[in-house]
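What follows is subunit A paired twice: with subunit B in the first complex and subunit C in the second.
For the complex of A and B:
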């Protein structure tokens, strides 16, 4: 598993798709490939209130990535230093084996180059001490990038506040 | 060479501060300005698509002169000299024959608006108008009638609010980055959100209370709320006593409008109306009844907006932390604003405006903006006089004014139509000459005066050279002015010189903007003392009983008139926005088009079943003035009396190939009805039939 984690604070996400656009802008991609994508579920009424979910789907940078094992040319690789999974473009022959192998639909097809594109956590930016493009400009700041152990804190904090709601509880 | 440029976005009209990364003369990165609180590097989807616009080869690339029929799309390329000579010669003929007032210029207000206003004033024409009335003219009038300030001089302190009520104000999908984030922070701190709309959207999905109100009855809801607040003395008595003029009149007026009555109009249970009134009053004055942004739905719009402002006044949430406030200008810090070209002296204009604003026929709308939807009537009826030329500057009357066919008929009477734009808008397509403007990334612009709790100035700085043969709008108008003998009103050769001229006397120079992209006049937010608020009404109070209205012959408290009943087998057409597009202007931007190519018609599940309409099926939508085709989105998330579509689709300009003929244009269907007191269009007063095809 990569040492990084990309956390989506779904309570603050407004499903605006700025992450997708910023990602494509940063990678100069044509129409088609979306290395990250927001999938909207709902809205539907739950307890008389309309609710929507926006599920953020980048690459999960698996510990034993199906795509890397499947790639016949060695184009799909995992960085030893931090576990980021990426495509070495000049080795990709467009065979789509990684597309078939990935259970999450992360590898994306670029019709202009006939090669695969995927989320690499913007490793060029990460190497400069910056955050991935999607995180840097996220409209509400609901995307956060960092070490896994730091990311879970937001959910714990919020859960604590909601169970200890001072209006309706004995806390 | 690499550089970072602080500038202002212009993918929508909000103008969020941005930082643009430039490498070898190309834009390679855009993010929000990290130095601006509430922006903190963030950028919305439209702003994130700035590069997609800049490098789009389907945008306008050179001046064009029409060779075939209007709208046929036959153009010939022209040099700037030729195109400007062509327009200049024709404008001169029109001015000499019919007078300067035969020339009108409409624009979506922007940083160089003082330049276009100067252009018309110098020509002797009063006929400058903006898009503002189409968006919120009645709200502007309502604010002036109540406080003596325009809506533009007011702001909302989201950060400290404890409860906010939104009437169709879809904050999380219209996306002003700072507004979204300050409201989100308030929600995070425990603020409550009440959302009222006949249709569910993202903002509704974040609300603690959602009411699917019967369309067109928000005024009845507010009267019900006011009734409870007065009857149960839930208001801020001290504030109201000190500042409200006309409380007794309101008390008498509101007696009959009980929450039980409001329930019959709105469909919202009386008990829930009472509960909101009680709940929100507990948090006063840190509460907001949001007065709206696009406020152009019904013919009694001004009274709906006034009722919202009354609710704020009753809660004491005026000039209050967590409520609404009046913006402070440089003067509040002893500073001076940037100069505007309109401060020059102009020849006196004797004729009325084309929309008759400021005359007894249409006394109350703001003459600084005019009333755009009157234009087709003025041209067709030559009332008050013939209009012969129209310059469209970033404003598309065909898609923004209701009843496109009616507007086209009017345009057909004109001798000259000129458009200044960056894209093939539909009005560019219907013009005689197109003068292409450089995009916001390719031009330096006039100074942005940003009034608020902390007055500031921002600058749009050119990040890269224009990719095509395009020019800044303020330079286009200057060069045109030179051909019309009014060049002296434009004392600059370049945008840099114009900005320097504007900054003279402010105490700031261009260099002061370099470090962070803005300058501040003071350090801390300014709220006025609530015992000493300088209201600008004749009574110096908040005028529930309005002298502005009554002096013009309109009542302050007209009896409630229910919206027209929805005819059998028809629906009230309701329109709105999406976070992915700005009005009519971004549908052809590649990355935005990829995410949303067309609009859909939201229709209630049961009604759709009755009509035999299935989800995703193409339907014909028809009104008294037009019809179009669109795919249906069948859902239980919309009130049965309404159908909804996102504004701005169904483009006719063929060279904007991605957006051409995609979805349906709302303006094609809407009737050109309007609020005859406040001035905004009644975009939601059209009924349509929906038929499977």
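For the complex of A and C:
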């Protein structure tokens, strides 16, 4: 697992897809590949109310990535310093084994270059101390990027707040 | 993105589209655009000279004064913009003949086309012949060579020497397929001339109706010139008619192709010798704008031995073959000795045999390996019973009362000499002998007969007695006078003369329309890009070059009937299918490299791609290891290697040859196409050391993402009701 965590507060997300667009613009991608994608789940009726969620799907930068094992050319790599999984473009020959190997559909095919595109947490930006492109543009501020140890705090806090809110409380 | 594309190539594309779409309705604007397009094309091909940019600037200035409508103004603005903004890139194309973005000249001609002195687009016409489109094949050939039938029978075929298929088994029988297509198209009445440009009122005088003169006349006539051909012989064809015997090239073949050129309005004056029957001044007063000299090399070298001038039956091969061609059908003698080792010597010997000579011997100074004659010609001569005396230096023709009795010779040995690769024959003292003979034919080479050329006093001649020209434009040192063929090269081949004639025609047109001449000889141009022919790997490997059926030897020893009978139609179509299409596959070897070194699969066994270290080639072996991943296709810059999907199968094809096909799997959720089972097995092997994936549904990338998103919907406290 990379030492970073990209947290999406799906409760806040309105499905505007601005993150997708910012990502593609930053990487100058043609139609097709989406290194990150907002997937709409639902609507489903819960307690007779239609509910739906927007789930942000980047690469999870696994600890033991299937894509890295599957890649025959060594183009798919895991950065030793921080665990970011990325494609070394000049080594990629376009065999798409990573695309087939990933259980989450993270590696994306770029038909223009005949090579694979993948979320790398915008490692060039991260190295400059900046946030990934998607995070910078999030309309509702539901995307948060940081070190794993900092990020868990948000979820915990939110859960606590939720449990403690007036409606759900015993007050 | 726009900055990365080559401005030369994009301008060429832009102008081609403008011209082809017909939006440029003003004739002057169209003419200007066509001229600019031509210059830009030459820049993109690396042929442009120093004055090309200036010529474009002049045309642009002319354009500026003529903008009759919006479309023209738009075109002008576009050109102005690109020519000023990206000017240095145009200049660097001219200076370095290199396109850094590889947009220009990405599609280089095939080796066979590069080898052809006339630059015929061989793979294209072979593909057309394979599909039975003989008339289209002939049209493609005639864009570079107006005499496909003649060349189909007598060409020395440098193309076959370079044929890449020869690295796998044997070269494609390129030469004869051309003859078959020409014969079939003529027989079907579908061998037609292209539409010539309207007459432009300019007159050109071509001296000599041999292959060089005919080729130049044809291309000039197509460009709208009035061409007048002066010929001293009573028929057209030059050396085709008087040098090559009828058993190799029937007269009808020459007559029919010359008739096609005559149909374009080219006029021939036969039995007319330039310099005496018609003079330079005559032609000048008639208003001739340019001259093209293709007078050939019709004078034979003397043997320089004793007795050469003492006997009437000592004759040179050129005169002998000419006399036979004109109609003298007497045998030169009963026991004929031909001196020389080239094709002319073989022709003279085989002709003597057919005229009734009992014994014909070819005496050559060196050995069989050094003979300049074609190997097939030598073999055919041997089959007919011609004897060879190798390492034989003639010293004297002996006889009495004007009758030859023999040829005195001395045995030679071959010795390596400094400064030359060719072994020199050196006489061995004391090893004299005599060959019995009553006629001696010398065939030791020809030179250019310059009598009658005195009016062209400013033309420079080389030390070898040939006309000196600039080989890019075939222009002599005398302005307005061009030359090609044997007169320039010394005795050479039909196809070289045809190529020279074509180059000269283009140069004459440029000179008379005020265009600058190219600095380098033109790189052959690809004429079409015809679709690939689909076939199995097994068929591609199994096809083999057919054996040429021959006339029986008795008939060959007695008549002038054509010796090579030609393939039948089925054999021709099959042979054309054997072509590897090197016009599309440039044999860069990237596919093999990716598959072997990057993927570690090593499924492609294409040894023929590597010229220096040829390993085995077998298209059929691909299917053994290939997983149809398509990495080879993704890395093929010319789309020679393709991954196609048809009828539920995924096929890997190299220039139409199906290297492998596997069943396509589909996504369980949405039905999208997925890789083959072999491909999935390859991945499972690679990821085997990771946590075993549970037995999964077969899902496409999108569905996989969707499914995992669903699983990631966070569980959160639900409002109590």
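Note that the second predicted complex is superposed on the first by the 165 of 171 C-alpha atoms of A that agree within 3 Å, B and C clash if a C-alpha of one lies under 4 Å from a C-alpha of the other, contacts with A are read in each partner's own complex, and residues count from 1 in each chain.
FYI, a contact is a pair of C-beta atoms (placed from the backbone, for glycine too) under 8 Å apart; a residue touches a chain by one contact, two chains touch by 3 or more.
Predicted model, so just to flag it, every value in this text is computed and none were measured.
J.: Clash or fit: what happens to subunit B and subunit C when subunit A is overlaid?
T.: fit
J.: Is subunit A touched at more residues by subunit B or by subunit C?
T.: C
J.: Tell me which partner A:26 touches in the superposition: subunit B (first), subunit C (second), both or neither.
T.: In the superposition, A:26 touches subunit B alone.
J.: Looking at A:163, would you say it contacts subunit B, subunit C, both, or neither? Reply first, second, both or neither.
T.: second
J.: Could you tell me if A:41 is touching subunit B, subunit C, both of them or neither one (first, second, both, neither)?
T.: second
J.: Between subunit B (first) and subunit C (second), which does A:129 come into contact with in this model arrangement: first, second, both, or neither?
T.: neither
J.: Quick check on the superposed pair: does A:93 touch subunit B, subunit C, both, or neither? Answer first, second, both or neither.
T.: second
J.: After superposition on the shared chain, which partner residues are touched by A:12: those of subunit B (first), subunit C (second), both, or neither?
T.: The first partner, subunit B, only.
J.: What is the contact status of A:140 with respect to subunit B (first) and subunit C (second): first, second, both, or neither?
T.: The first partner, subunit B, only.
J.: On the overlay, how many Å separate the closest CA atoms of subunit B and subunit C?
T.: 6
J.: Let me check the overlay on chain A: which residues of subunit A are in contact with subunit B and also with subunit C?
T.: Touching subunit B in the first complex and subunit C in the second, no residue of subunit A appears in both lists.
J.: Can you check the complex and tell me which residues of subunit B touch subunit A?
T.: So the residues of subunit B touching subunit A come out as 29-32, 40-45, 47-49, 51-52, 172-173, 175, 177, 180-181, 184, 188, 200, 202, 204-210, 579-580, 590-592, 594-595, 636-637.
J.: For subunit C, which residues are in contact with subunit A within the complex?
T.: Touching subunit A from subunit C are residues 594, 598-601, 629-631, 634-635, 674-675, 679-680, 682-683, 686-687, 689-691, 693, 696, 700-706, 708-710, 712-714, 716-721.
J.: Looking at the complex, which residues from subunit A come into contact with subunit B?
T.: Per the touch definition, subunit A meets subunit B at residues 12, 14-18, 20-22, 24-26, 31, 42-45, 48-52, 136-141.
J.: Going by the contact rule at the top, pick out the subunit A residues touching subunit C in the complex.
T.: Contact set of subunit A toward subunit C: 10-11, 37, 39, 41, 46-47, 53, 55, 57, 64, 66, 69-73, 91, 93-97, 99-109, 114-115, 159, 162-163, 167-168.
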